[in-house]
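Letters are used for the chains, namely A, B, C, D, E and F, taken in the order the chains are written, and counting of residues starts over at 1 for each.
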Amino acid sequence: MKIFPTLFLITFLSFSTSYASVNDFCVADLKAPDTPSGYHCKPLANITSDDFVFHGFVAGDTKNSFNAALSSAFVTDFPGLNGLGISAARLDIAEGGSIPMHTHPGATELLIMVQGEITAGFFTTSAVFSKTLKPGDLMVFPQGMLHFQVNSGKGQATAFLAFSSANPGAQLLDLLLFSNNLSSEIVAQTTFLDFAQVKKLKARFGGRG
Amino acid sequence: MKIFPTLFLITFLSFSTSYASVNDFCVADLKAPDTPSGYHCKPLANITSDDFVFHGFVAGDTKNSFNAALSSAFVTDFPGLNGLGISAARLDIAEGGSIPMHTHPGATELLIMVQGEITAGFFTTSAVFSKTLKPGDLMVFPQGMLHFQVNSGKGQATAFLAFSSANPGAQLLDLLLFSNNLSSEIVAQTTFLDFAQVKKLKARFGGRG
Amino acid sequence: MKIFPTLFLITFLSFSTSYASVNDFCVADLKAPDTPSGYHCKPLANITSDDFVFHGFVAGDTKNSFNAALSSAFVTDFPGLNGLGISAARLDIAEGGSIPMHTHPGATELLIMVQGEITAGFFTTSAVFSKTLKPGDLMVFPQGMLHFQVNSGKGQATAFLAFSSANPGAQLLDLLLFSNNLSSEIVAQTTFLDFAQVKKLKARFGGRG
Amino acid sequence: MKIFPTLFLITFLSFSTSYASVNDFCVADLKAPDTPSGYHCKPLANITSDDFVFHGFVAGDTKNSFNAALSSAFVTDFPGLNGLGISAARLDIAEGGSIPMHTHPGATELLIMVQGEITAGFFTTSAVFSKTLKPGDLMVFPQGMLHFQVNSGKGQATAFLAFSSANPGAQLLDLLLFSNNLSSEIVAQTTFLDFAQVKKLKARFGGRG
Amino acid sequence: MKIFPTLFLITFLSFSTSYASVNDFCVADLKAPDTPSGYHCKPLANITSDDFVFHGFVAGDTKNSFNAALSSAFVTDFPGLNGLGISAARLDIAEGGSIPMHTHPGATELLIMVQGEITAGFFTTSAVFSKTLKPGDLMVFPQGMLHFQVNSGKGQATAFLAFSSANPGAQLLDLLLFSNNLSSEIVAQTTFLDFAQVKKLKARFGGRG
Amino acid sequence: MKIFPTLFLITFLSFSTSYASVNDFCVADLKAPDTPSGYHCKPLANITSDDFVFHGFVAGDTKNSFNAALSSAFVTDFPGLNGLGISAARLDIAEGGSIPMHTHPGATELLIMVQGEITAGFFTTSAVFSKTLKPGDLMVFPQGMLHFQVNSGKGQATAFLAFSSANPGAQLLDLLLFSNNLSSEIVAQTTFLDFAQVKKLKARFGGRG
């Protein structure tokens, strides 16, 4: 049996190489501008195994007002996810804590229970779908739906979250409504909250007006 | 010049006809089950011009608590939109009224001002983008973002809305939070609203718990 | 109740902020090159409410050969639409005027009648779907289909158009066929128009050959 | 080394089998209704190698008014293409013949020259892009663009066409405009053709009005 | 302040309800046929919180030839994922075990290390990207790429996998090549494996020919 | 009848022109970085008919170890395909030759037989779908599936391939497994190949370890 011709190998390698830089993956160059489909691709020659690995997916510090922490591995943290439509986060909630009401516009969230007990739910205008979850349970929150997670058990609760987007973000309802300068009158009118309640939450979340 | 052969015509017509029933359009059969991409297609033989026209895109009755009305032309109202990624609604807001905080999960909204004056805005956690709009103005609310519209002028205000989905729905924040039976304790904990405020709005919007 | 820790707020804000610049919206930087998914995103720090609002969606001048005017609000006019899959135009047709045959490749058009009377239709090889429309009527023209609008009433007719693309363009049949230098022989052969007809329309629409 | 456990094999096989019926491929059941994403999937148990093969991709009869024939292998001819976003056709044009002006809404066409010489082109409102093609040449017609192919050489010309849709159809301009009953006045007004030209082509292509 | 009118509430509720059954989510009816976009939607009236929760995401039995187990939560296991573009699996590998070479056509895999040590990698024709992973590490395997996971540490290794598809499947290389009746000559010719090696693996994996 | 006003023409032309540069087509600027949706668009002013035509789609040299040649017309060869979701290749296999096992991640392949005889097939874990093909036959290989083509007849075999991606690449199994430095122990463990077989193929395909 003969040795495989080098030339042939090079031909196949080079055409696959050019492809790889376009579609097989597209590691984000976070210093370049982004586009509606994601960031520019880092040149293939600069890519190593490290681009596809993320370290530090560990518990965040839950000593805050929420008694909860969210550690994200989104494309801005983990450039290898660029263009691949997936990302993750780790959720830690101390006893009595919660992740308050929020949405991920355009991303579905899949929660994998790891430790403790979480009561979670999402809302539609006709129903609320909520459950108490234990290790071995999964729950899905369809894209764009308002949802929450509460530690309803003893001790710390931990869950891993997967998202159907490389950059799902998190729109926390209180930060949306109460951390800016939109007039409290408009907020009260369009939420049906009492004016005093709006003012109180604006004071808490750093808003004015 | 000779007459065009009938046979040839039929060949072209028949292959185009079968295509038309698949991809050119797919008028919804609302009595059949739906799928993630939309409803089943109505048979081509039953389709007429009327399937592509919607009547009654007129002002709704604004004599209600919101002093506002939304008349929708979504796929469930207008089956010709099935699979086409677009729909519309008409918004009428009486003086002093508003469309309260809401989202359209997965649909961008484009507002076309027709009459009067509307102050509208949408929220991100880092900023609120709001403007006062008059006839001749458009405003875009990117998909999934929490937003509101208030009649900030004299007399009735009217706008037409276009959506980047055949079925954008509307998730009204107060109906999400206060029209169901989720315990008021969880709602208060995950919204930072006072417990009394939650109970008051549950009473108003028909929720219990 | 304690004040919310600033540090916590900043953490949430910063991770949401980076997201916002990627996926929540992507206001076009029209001076940068574009891509198959749209233009580069303008830096988040430079974005204001004005990026999401368009002014001048008003009647165009209908004193031209078509007796009609189209005022567009596409991404090149309104950069906030970039990546959002929606845009709009205003159509004004003087009495006796029309918007001639055209297509929007890859965009569905949804027409909202505002004033007067328009007879509109689109073509398949097996049928023409046409209707006479009045205020309160909508009509949908599925993507890529050849269609027209004629003022069939008294006085001016006005409609608003929404498109399922940020940049639907308009391919007017006469400009396609008769404003270029392709040989009249080829145009005649592939349209079955008489040669003299082709020459006459080439003269009118600025073509040669 | 031990024999691989049958149980293990079955476990992997069964979960892959269920997947295969959903996403790996979805052979069309053409007797069931279709949806915006394509036809229902034929049950996996009934699928054989024959579902992925099409026979008869051969020259059609060019003895017709166009002196041309198009043999399609679209999803309605070849159910294995369902949901896969690709299809093909064979084009044969006798000397002096042509494929008249047409569009494929939503599908790009890639032409592979096999025999003879074809002059082909597509139109934008600002330019016509046309070329004379010989065996060994490819030409791409971006989605939705009006285009034509003319045999500009000696003897028969043959090309293979690939489309970026399982069901691209073909909207022939003359059949769109002249094979139906839309009034000739409207056709003339919206095409700028002479009324007599419209009547002449309506007579030829089977239209009335 | 008056009580909110019931009629108004019903209007909003009903139009949101119909939407919910179409786009907000589409729980799979696994007894109905599927389509290229997923299964038919279960009627909204039959949907409960249980549709969005999966139980039994626990370690599988690793006493098999691979010394490994994969427990899947794909749409066929967890109907609430239908149409949402996400799913999960749990991976347990006993000491010395591995998940052999495989691909997920059309789905990216995101691996979250939970326990032990795994050496994993994926292949391109120009490079292999592999790493040894410990708890707190993530690794991404871009869609369609051939990859493997080996327990390279002491004791059991566990990882959670998220996929960018509701039904990613798993195409195991040995089952593809050696569990069917394709002739060993063709397998040897197209893999460059020795004929005896092909026969040996066919015997092991249940193939003939 | 008057001459068409130049001003009007310019208005239509200019708004269509800007569109054309964005969505009608987007010829790749291969010197600029790429993105998940493809390369930057070449400026419209620099585009000519030549951007939409590819020359040299001819037989490659089959005098190599595979006795086969693949000539690609992917976006990196033919920039006009950028963003259009289609590409092509020409396959020539000398008598006795074959295209070895490979996948195209994310692209479906449609094979058009031109000359000779090819036996081709693709694999699922539950079945192999293979057929012997002659001129006039088509075969489809769904996206991401492992497949092969063997010249099973007399003389040279030729086929044209169309792909549902502008850049499908080709992941050849032997190059993936045996041309890199991953340890032979890991390759043997995760493929169930004998260690000696792995070493032999590594020597042949240029790998080490």
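Simple rule for what comes next: a contact is a pair of C-beta atoms (placed from the backbone, for glycine too) under 8 Å apart; a residue touches a chain by one contact, two chains touch by 3 or more.
All values reported here derive from a predicted model rather than from experimental measurement.
Novice: What are the mutual neighbours of subunit A and subunit C in this structure?
Specialist: B, F
Novice: Select the interface copy of C-F from among E-F, A-C or B-C: the correct pair shares over half of its contact pairs, counted by residue number.
Specialist: A-C
Novice: What rotation angle takes the CA atoms of subunit C onto those of subunit E? Round to the nearest 5 degrees.
Specialist: 180
Novice: Which whole number of Å gives the spacing of the CA centres of subunit B and subunit E?
Specialist: A distance of 34 Å separates the two centres.
Novice: I'd like the Å distance between the centres of subunit B and subunit F, where a centre is the mean of that chain's Cα atoms.
Specialist: Those two chain centres are 41 Å apart.
Novice: Counting in whole Å, what is the centre-to-centre distance of subunit C and subunit D, each centre being its mean C-alpha position?
Specialist: Spacing between the chain centres: roughly 26 Å.
Novice: Taking each residue of subunit B in turn, which ones touch at least two of the other chains?
Specialist: Within subunit B, the residues that touch at least two other chains are 12-13, 16, 20, 24, 35-39, 105-106, 121, 124-125, 130, 142-145, 170-172, 175, 179, 204-205.
Novice: May I ask you to sort the chain touch graph into line, ring, star, complete or other?
Specialist: other
Novice: Can you name every chain pair that touches?
Specialist: A-B, A-C, A-E, A-F, B-C, B-D, B-E, C-D, C-F, D-E, D-F, E-F
Novice: Please output the residues of subunit D touching subunit B within their complex, sorted ascending.
Specialist: Going by the criterion above, the answer is residues 33-39, 64-66, 72, 74-76, 105-106, 165, 167-172, 175, 179, 204-206.
Novice: What part of subunit C is in contact with subunit D in the complex they form?
Specialist: The touching residues are 98-101, 103-106, 119, 121, 123-125, 127-128, 130, 142-146, 148, 150, 170-177, 179-182, 186, 189-194, 197, 200-201, 204-205.
Novice: List the residues on subunit B that touch subunit D in their complex, please.
Specialist: 1-9, 12-13, 15-16, 18-24, 26, 29, 32, 35-41, 43, 82-83
Novice: Would you pull the subunit B residues touching subunit C in the complex into a rising list?
Specialist: 12-13, 16-17, 20, 24-25, 44, 47-58, 73, 78, 80-81, 84-88, 108, 110, 112-114, 121-122, 124-126, 129-131, 133, 136-145, 160, 162-164
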